[in-house]
Amino acid sequence: MQSAAPLVKMSGVEKNFGAARALTGVDFEVNRGSCVGLVGHNGAGKSTLMNVLSGVILPDEGEVQIGGVLLDNGYDPAGAARHGVRSVFQELSLCPNLTVAENLRISHPSIKGIGWRKAARKVILDELDRIFPGHGISPDTEVSSLSIARRQMVEIARAFSSVTSKIELVILDEPTSSLDQNSAAQLVDFVRQFVGKGGSVILISHLLGEILDASDKIVVMRDGRSVAVDEARNFNRARLVRDMGDVLAENSEFGARSGAKREGPPVVTGPAEDEHQLVLYPGEIVGFAGLSGHGQTEMLVRIFEAAQGARGPIVATDRAAFVAGDRQTDGIFPLWSITQNIFVSSLERLKKGLSFDFERAEREAQDWQSRLSVRTADMGNNILSLSGGNQQKALFARALGSDAGIVLMDDPMRGVDVGTKQEVYEILAEEAANGRALIWYTTETDELKHCDRVYVFREGKIVAELSGDALNEANILGASFEKEDA
Amino acid sequence: MTWVSQLVQKPWVWAWFGAVSMWVIITGVSGFGAGGQVMSAAASFGTFFVIVAIGQMFVITLGPGNVDLSIPACMTLSATLAMKFMNGDPGLLVPGFLISLGVGLAIGTTNFLLILFLRIPPIIATLSASFLYQSTAIWSNRGLRVKPPEVLGDFAVAKVAGVPILTLVVLVVTVGMAFLLHRTRFGLSVLAVGQNEKAAKLAGIRVERVRFLTYLMCAVFASVCGFFLAGFSGGAALNMGEQYLLMSIAVVVIGGTSVAGGYANLTGLWGASLFMFLLVSMLNTLGLSAGYRLIVTGAIIVAVIVVSGRKLAR
Amino acid sequence: MARFLTPKALRTLLPALSLAALLAAIFYLQPRTMSYFGLNLLLNLAVPIALATIAQMFILCVNDLDLSLGAFVSLTACITATWLNDTPLLGVLALAACVVAYGALGALIHLRNLPSIVVTLGMSFVWTGIAVLILPTPGGSAPEWIRTLMTLKPSLVPFPIIASVVIALVVHIGLMRSAAGTVLRGVGGNPKSVERAGWSLLRVKVTMFSLAGLFGVFSGMALVGLTTSADANIALRYTLLSIAGGILGGGEFVGGRVSPVGAVIGAITLALAGSFLSFLRLNPDWQIGAQGAILILVLALRLLVSSRERRI
Amino acid sequence: DTSDKKIALSNNYAGNSWRQAMLTSWEKNASAAVADGTVAAADAFTTAENQVTEQAAQIQNLILQGYDAIVINAASPEALNGAVKEACDAGVVVVSFDGIVTEPCAYRIAVDFHNMGKVQVEYLASRLADGGDLLEIRGLAGVFVDDEISGGIHEGVAENAQFKIQGSVHGDWAQDVSQRAVAGILPSLPEIKGVVTQGGDGYGAAQAFKAAGRPTPIIVMGNRHDELTWWKEQKDANGYETMSVSIAPGVSTLAFWVAQQVLDGATVPQDLSVPFLTISQDTLEENLANTQVGGVANVEYSLEDSLAVISDN
């Protein structure tokens, strides 16, 4: 450690988004030359805290100091950069229409003048070589034509590259979510090197192993506050899980659901020439697993289109409903009320004469409100007045309230709190028992415990079908990564 | 008090506010009698704006990039073919009207197919196709002006108690369209697609079918407008639709429909139609020259967007 | 694999290929065009269109659309043929004010988050109104130096070709190759990311709209140089020509994907499409329709290369 | 001998009945001339949009196609001069008519639009000794013809102080636009004695007066069939009297023959003027009978007529 004073000192930080209390008085410190791991359940406030630190949002209360300097109202991303703070945001933030080298220029204003391209190419290539040896990325490729994993590498390399500006702290918000194991390990190694040379890193991840390997200190957040701060060596998996709260409070195990009764013909049949043919029977919950971005969502969409009558290799014999995970772009109708958002998929069913039956929709909406405990005073309120998790419940209600026999779920639990998750798990089991067929794509391996069978995806293809005893975490991970480093 | 503040929240208020202001100015300059007469004229001519604007409104509600630029050509072609076929014979009124409808259906379908299969942005697809429609109109009658059957002409200008009958008919149609937009599966689907096309698709709405019906409807309204306008003004002319291109867009937008899609209302269409007619009349009454009239018109359109845009910004 | 056949390469090549095909067809129909004199006549009116298309391209690049460009070019043409000719100082000031007004429009659109389509629709009335006030009847005359410039007869290569190449290269270097241009384009691709990197979106919008205004002014000046005098409605069709040219040249309505070289080629292609039709000597009834048909045809060509990405 | 010469018509607008009649006259006349070997070709070209830039490009293309003469109805009197100059420099004969061009090297067959406006007021002066209030219907703002006619009207009013123009609207030379504009301004006007127009707007104005329940003033008519028919009906019903001024679309045939004569080596003055077409109360029936239903009153020129016009000038 170079100096005793912490590099970053945040105290009493509060942030409210309307009624949602994202941060409720958080104290947070980062020392020079150390890596802080930040963990917590979805919606705990991790990203919000980092957005405050990097100047993207202003806190309602509390203060932020970097290098002993108090940052006042004029603080913004440019100000953060001046203090040597760099961020890799949770959502990718490269410009897809620019090349890799050009994207470096966006975040490094000092690269300019004649010959800037050559300089930018060299800087980003050197950095990529340093962090991810053997990455195979050309600096002149347009970002839109890179795979998600490579985009993530570019973004990480961009954050660590330095031209003239100083670099003190790099914030990595779930940097490994779409990296393969090999690259993730390269990153952890690099973080250790970087820290060893006196830099600082904040690492956010849901992969606890990574956190334990890379961090010097770990901060656990829950419901907008920091609940545990300690040296990394004092933590192990069990303690992390306990401190994060009721995340693992569920006691179900793999194999809890026995995929028994297959009655009647399948409602979805995939192309027969596939090595592992996709089939779905009524009453089943089938999981889609694998690393994110490996074709699971595309498959769900194709099944959905097949159910709408599109011709293709996939055959679906019943109507389908879709629960979007990416609420903002795939789910919400922002000008409408909660009720209208729920019944947009039931326009035909709720017809009285020629007109849509608004009274009946309202009555049914009341039922859904109590069944899913949607927290709002009035289902006639605008959908955006709901917190993210409650918006997600409305999307569940939309699918389950329709008369579709097939329910397709695209990582639907993003932003749903733990209590509700347990309730939703039960409702899903109920729906399956009532003869609905469900497909559930999830990035959380634990959730696959609620499935009868699981298809693992890699590079757009089903590479494994797991059920019964074979359905366990090791097999899922194994199938996801196989041959991945080729 | 609260109802006032609630009222100014409604995007369509501004159009009506504008219309009333224009009327007050005209009445102030020319007296009360003139005010009544100009209102009756505004109802007559505003009706034609409303007919095309209803279709355009549904199209614009589908979201950014959706706008039908083939309305003028559609009006011309429909009127030309129908008038030529009827050739003034009242007995052929019904088949003549069916021809006009057929033109609308054909043009709507063509527009949609160009957008769907050739993936040309709607704004350019409808513009390019409109040249073809216009050529067809020229080819079919070389611009000869055929008189409409007398009954059609009489119907188009008839009034009861100073109110044009056509206006009453279109008022009823407007109410029907409001029902269609706000209460039926089709209307709600249009609003959903306009808010978030991807989400609409995933919510099970047949987006392309909705788009097809919308462009079809727009063309049919344009062709019907052409039919009655030819009756009203004594025959079809090759340039009869020219004014209706910008007018249909302006009426929709000033009427409070969101160009970002997903929000529409029909009340504003009437306010905006009356407003656009009264604005020109007011400028004529004040005797402003053409240059100033254009500047004032443009400035008012921008001002309305700036004022009503504030509430839509989220 | 055949790298040169990737969709992206095709997208870049397509404008050039369709231009080449069109030129070949014209040369075949009318061999006289294949001369210095012929090319000059065939292409000189494409120069102002190319400039207007570049202007529209700047707007497209930040995900906006300008429906007032034609009216604006008409206005600048009127100013060029009157004030710039009679009282050069006033003319320069007026043209500068036009550029500033465009920049201000960009600021208004950004700050109030307004739909550019409607704002520019309204502004088209304003521009035409001012043009009618400046030049109530057609007339005025081109300043001598502009006239001289636009009728240059350099040896070997006709002036319109040189001008097009220069325009394309200058904008290409400025927007596609320079460091500053990278930031401007980045805003079209991911405004949030550019803003987080510390750039002001407002400044980018204002810059892009001002550049559009500047090229609109150039377009009006070039046009007057060719026509020798102006008219309040002289360039109204440039609005749609410039949009179509920008799209044809590989630009897209959203996402900041533009190509100055493609835009210039697209503008020339559209200008030549009209010539091609007149060389075909169609029946007058169908001459108007044929222009629509060729527009549809040329734009539909994009379909051949558009990677059939599924839109969900 | 012009049997190997090619003549082209460059037309900027085809979107109204006048232009269609103009094209029809050209076609009829030109195809006869081609058939009897007077000229080798006489093709018509129309631009899609009524735009100077498009027509300039069209003229340049016609030069490239090797036409020996180009007959122009121009979108703008000034803004095509660049292209016209190119044509003259390439040795092409340029004849403009109706919408004429000011480039000195071109021939002009001009209608005295200014006078066309002025005679309307003079006619009204002869009818209305006490004068009175007038309504003016103008054409398309920013177009030269509109300005010329309006200028003539205002000059006429200045010379006849008993008249006052109470209102002025732009009807864009379109029936429905005029009707709408007149209906909008009428309520705020005092009693109107006369309506001065630019041709083509008379019927719409009459409809607007009828709809407003106003007495029908003296409306100066244009040459469209519906205007003449309405006039005839009124004349038969109540002895309504007015006049009609217009320019005959058949002037395109005069332009054709002028071009042919120039190619033939004849000396033709650079500026020709043709009378506008006047229809009076007495010649109404005759003209109406010669007008195609739905078309416009027309006068076409044969070679002899054209030679007469040339020698008159």
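Each chain carries a letter (A, B, C and D) given by its place in the written order, and its residues are counted from 1.
Here, a residue touches a chain if its C-beta (ideal position, glycine included) is under 8 Å from a C-beta of that chain, and two chains touch if they have at least 3 such contacts.
Since the model is a prediction, treat every value here as computed from it, not as a measurement.
Ranked by distance of CA centroids from chain A, the top chain is D. When the C-beta contacts at C-D and at A-B are tallied, the pair with the greater total is C-D. Inter-chain spacing, taken between the CA centroids of chain A and chain D, is 71 Å.
Inter-chain centre distance (chain C to chain D, centres taken as mean C-alpha positions): 35 Å. Here the CA centre of chain A is 43 Å from the CA centre of chain C. Under the contact definition stated at the top, the residues of chain C that touch 2 or more other chains are 128, 131-132, 136, 287-288, 291-292, 312. Listed for chain A are residues 301, each touching two or more other chains. Residue numbers of chain B whose C-beta contacts span two or more other chains: 131, 134, 138, 142, 198, 202, 290-291, 294.
Taken together, the chain A residues at the contact with chain C in this complex read 54, 56, 76-78, 81, 87, 89, 93-98, 102-103, 105-107, 109, 111-113, 116-117, 142, 145, 301. Residues of chain D that touch chain B in their complex: 14-17, 19-21, 23-24, 48, 141-142, 167-170, 172, 174-177, 179-181, 183-189, 203-204, 207, 211-212, 224-226, 292-295. Chain contact summary for the complex, chain C toward chain D: residues 30, 32-33, 37-38, 41-42, 44-45, 48-49, 128, 131-132, 135-140, 223, 226-238, 271, 274-275, 278-279, 281, 284, 287-288, 291-292.
For chain B in complex with chain D, the touching residues are 26, 29-31, 33-38, 41-42, 44-45, 131, 134, 138, 142-147, 157, 229, 232-235, 237-240, 242-243, 277-278, 280-281, 284-285, 287, 290-291, 294.
Of all residues in chain D, those touching chain C in their complex are 11, 14, 23, 27, 43-49, 51-54, 56-58, 60-66, 75-83, 85-86, 90, 141-144, 147.
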